[in-house]
């Protein structure tokens, strides 16, 4: 059940039997020579909607902008500052909590969001401890690619060439979700460098010249994407259902 | 050209011939008995993409959450606080400006965003005046429904029963965009009340019981939506092209 | 009853019979060749005090600084950033609410404040919806020049030459309020240009060279000001009394 | 030269020969049984204007709301939070600095503002040190009652019964400035208690029942006010002129 | 009882008989040719621990960074912006208040903190008045060097050559606390200049070339430090015990 | 070289040959029945000072308060909100950068700080990308216990009973650093539970009754602490020296 495609009466009904919701979150940032700028939010969106279709849980509109400061030297990348993204997370969670939602499961498509969103959760919990009357919510975030099935599949398909940014797996998944927007590009070197630390955007670009880290997304295909989609939905269904049992 | 569906090389090329971009912005809030919670962002998204398809201009990912505090007494509504939305606008504009974008045209689907986003623009301009080195950008926001063609068409189709929230026109446009999600509901009264001021969310609900203001969206049809889409795209193309000429 | 000229005992008494208060708000910004920098706050102040004198309602000290970023290229203009002005509005309203004030009617002298103050009201209402315990207040802002009598009178006196910044009407009203500070200047062109969008301060000045928009304030006289004062007080009394009935 | 009563051309001229400006700042808070709620800002305003009239220096519109959290248990008091007042100070100073003002002399009417405004100055200076491009301004704040002449006169007129809140001197000065608003009240005890610490508003009221600290403002007269005005203007002229010489 | 060296069970026990705690606060900033950068926080720390050892009261970890923007032109100085330090004070106080601490006595080693921390206290109290549910705490800050015994002793030892920054007294106290880190330097001039106002960091350095104000810390000895320690602990014990009686 | 124990001349000299500095960061929070509330900041402090003693690098004063919201149900715990801690990190780094420090190596004693501090680093880098003139700094944070030697040693000494909060290793290290403050307590159960998620403070306490997670700190000894100290200093020296080579 996509929140955006429901009426408020339908949501009111839903809340009689569940207090859980999935929020897809990603980024708007370069993904190398053949990866789309929307890769991260498209991945989390398609997986989240897949979970919603499978088990009928609520899926909120996608948070398409994430923490991408390190990609700003590549055209088209946009970022929320960490402090802004923390407020966005707070506002979305706290206003949905008004209606009775309590378990917020963020399916994430971007490693760069992890620290900021975790800090955002703690900011909310700190508010609770300091007694400002906010109801205790339960928040969890997980990368769609980090469940056991999707991880194993990516390893099987690409080995080390999956990489850690503009991964072969995420490019495949987007090719499956948006088959009319498959792009082709020569990769040079075939597998991108990896293992170097990076700091602000200029440094990132000086370190990773075409944007990729450790990946060879010329291996990506829509067919791989279909397999990865199925694996990730299975993973996330399992994770979400376990999470709903976190009470307290 | 949707930013999310492009590579960074494609955006780099685009910037050689244009510094303009369209940002769809809407809300996630109740839209009465048969309107979808995503109505406002779905409307601005479909129109923005229509403009992008027509003239090839860049279209950023949709800002799906807006300033909707007054709708929080209806299940499923979510809001960004005005101060948060102002930061989101600043971050998205300032990071895209890093690449050379300069004309930011927000196609808006939600009247409740108008004041906050205008305040957000002034916050950015104030930063310029106070010499912190930010490049002077050009921002404009316009409701998709406020161009001459769309306005005339809505008046012709619905007269006063178009209303001002959960309007017949926006419900039609979403029925056109998402034909598998057309909902039906009895409207009672047929045309919703209007003309009363409202303040915080509880007061809004006490004033407008089913969420609508002044509208009869049982008149909506996907066919109307198709006509409204064409009119709004024509309007917004005209507005956007005029806006690109604002220099200084 | 001016708050500044009352004792706390008198305010305590007043609150036994009314929970309403008027807050004049304006700006400190250029008003063309013969308009005073204080024009906007002097206008709202004189009208607010006129209302207070007529019907005995409470009038708070004037908020003399507003959102004027676009005027910063003219000497003497000062601005609060939108985010600052929103906090000022919040603090003044919330601290007066501690005593039992509940209806806050802002008489405004500056169009540039409209978006920011509306966003400030929504920020407060959002706090209520998110249950932080703030009492639901009722806020409304209106331009002194926007009531039916003042509007008609300005049209009658100046037609299109009233303009939209450094208007003939506001210059007249200040000449009536501060007759010892009437200034004279040649207007060139006689009626200022209008209709062009403006963005940050430099752009405004490049567009509107002497600061005026669409007006010919060489038409202004203290006598007109007296008439406008009477009309605006009538308008605002009517508006304020209607507003006090907004409950919920 | 009052900024509010000048045109931008006049301010432009003024800046050719001086970069100094006086900003009156006070509060909106209870001042005991016969003191006006506006006492603090009326005092700083009348003295600042007196200085402006005497030596022709620029005087900005009065900051009528200050840091008064401890008075909120008395009807009619309003406060800016310290964090808000710091932003107001920053915005007013930084926007006037755009035009070339560099020496900002705050004439203060309220002891409760001292810490917050000093913190606000440091916040601005910290910005300079951290190289954000802000021009180094020179700010100083002084209580109108703290110059040698005014201090000696208050001691001569009232001795210890001048007190430290709702002082006999400030009540006199306002009686001189606003002779139509002189109030009379029995003081009980004649001289208010003093010497106890206070914290938040409830604690203040429990400690100082009618709002005064250590004063007997039934001694106040408009004639004293006239004398105090002359003394304070002399003091502030001297202080301001010395301050203008602070360069660096 | 140092909080850092206790278990939570021990703190729980402590709270059965006392709701008071001492928080040492200082700075990390230049202290002239022979003063250590940590002088201010080392002084407040050693005195606070001395009080804790004497009467068994709780002593929190030292706040080693303060408001030192004016020292940033001397290598090694660090500052919190005033707005940051206010939040630090709020967070530490409000989270300790969760456990039942109510009397917070800050022993301060740095004059530059005074305004900011006082503003921070008012920010917290303002929150209380505005009814956000925070429990009313009692906060007080005092310079370790400002009690009667320490003040008299410093005057006796150094007269005017004690100065007001990098004072002979504070340098002595640190020599007593950290005897292995006594530094020697020629002072030129022997007694530093004083009496000039200062603003941002560059201006401070231009005014006070080696960092000292009015002092001759070549007079300092560890033996003086031992005497000053004893005097300051006596002073602070007295002040703290009086403060604990502030109820309301 | 401890910054706190140096003069500004010494720091000026140091900067001629190095632009690196170590900042110890920890927390003030419960560490189970026999762990000290200061455990995390004492651990990072002793290791950082050990590194400073070994290779002469600069060590800043310890950040003793961290992000500990989840421990607030245990007496004596204090937390900075994530948003506050991010500002503290920014202020300390940016003001030390004024002097020429460029490589900031945070030795961390508390897992709960990781997300927030990483978000704080990104907030600074985002500022760089958005061209506000801040110099690009290089920041890295690492847990003292996460280097290869310390990790292996803890595994060898305690196996799984090292745990993840109030670990046997950190308790040992503090016993070595503060031998006069060794505490003894019965552990029940001997090895604390682990593996359950936690959210706000109340939930944490309901889940982990005596504060420990997965550890048996009754195994801790000062002798183990001495070994762990040596291992961690070796690890951190290696890490710091590699980090200094990160340029760009």
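For reference, chains read A, B, C, D, E and F in written order, and residue numbers begin at 1 within each chain.
Following the convention adopted for this analysis, a contact is a pair of C-beta atoms (placed from the backbone, for glycine too) under 8 Å apart; a residue touches a chain by one contact, two chains touch by 3 or more.
This is a predicted model, so every value here is computed, not measured.
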Interface residue identity across copies chain A, chain F - same or different by half: same
Please state whether D-E or E-F has more C-beta contact pairs across its interface. E-F
Can you tell me which pair among C-D, A-F or E-F shares over half of its residue-numbered contact pairs with B-C? A-F
Most remote chain w.r.t. Chain E, using mean C-alpha positions, is B
For the pair chain B and chain F, the C-alpha centroid-to-centroid distance in angstrom is 47
Distance in whole angstrom between the CA centres of chain A and chain B is 24
Hey, what residues on chain D touch two or more of the other chains? 72-73, 79, 81, 83, 95, 98, 129-130, 132-133
Please give the residue numbers of chain A that touch chain B in the complex, ascending. 2-12, 15, 28, 30-38, 41-42, 60-65, 68, 72-81, 83-84, 87-88, 90-92, 95-96, 98-100, 178, 181, 183, 185, 201, 211
Applying the document's contact rule, which stretches of chain D touch chain E when the two form their complex? 67, 69-70, 72-73, 79, 81-83, 86, 112, 114-116, 118-123, 125-130, 136-140, 197, 199-203, 206-207, 246, 248
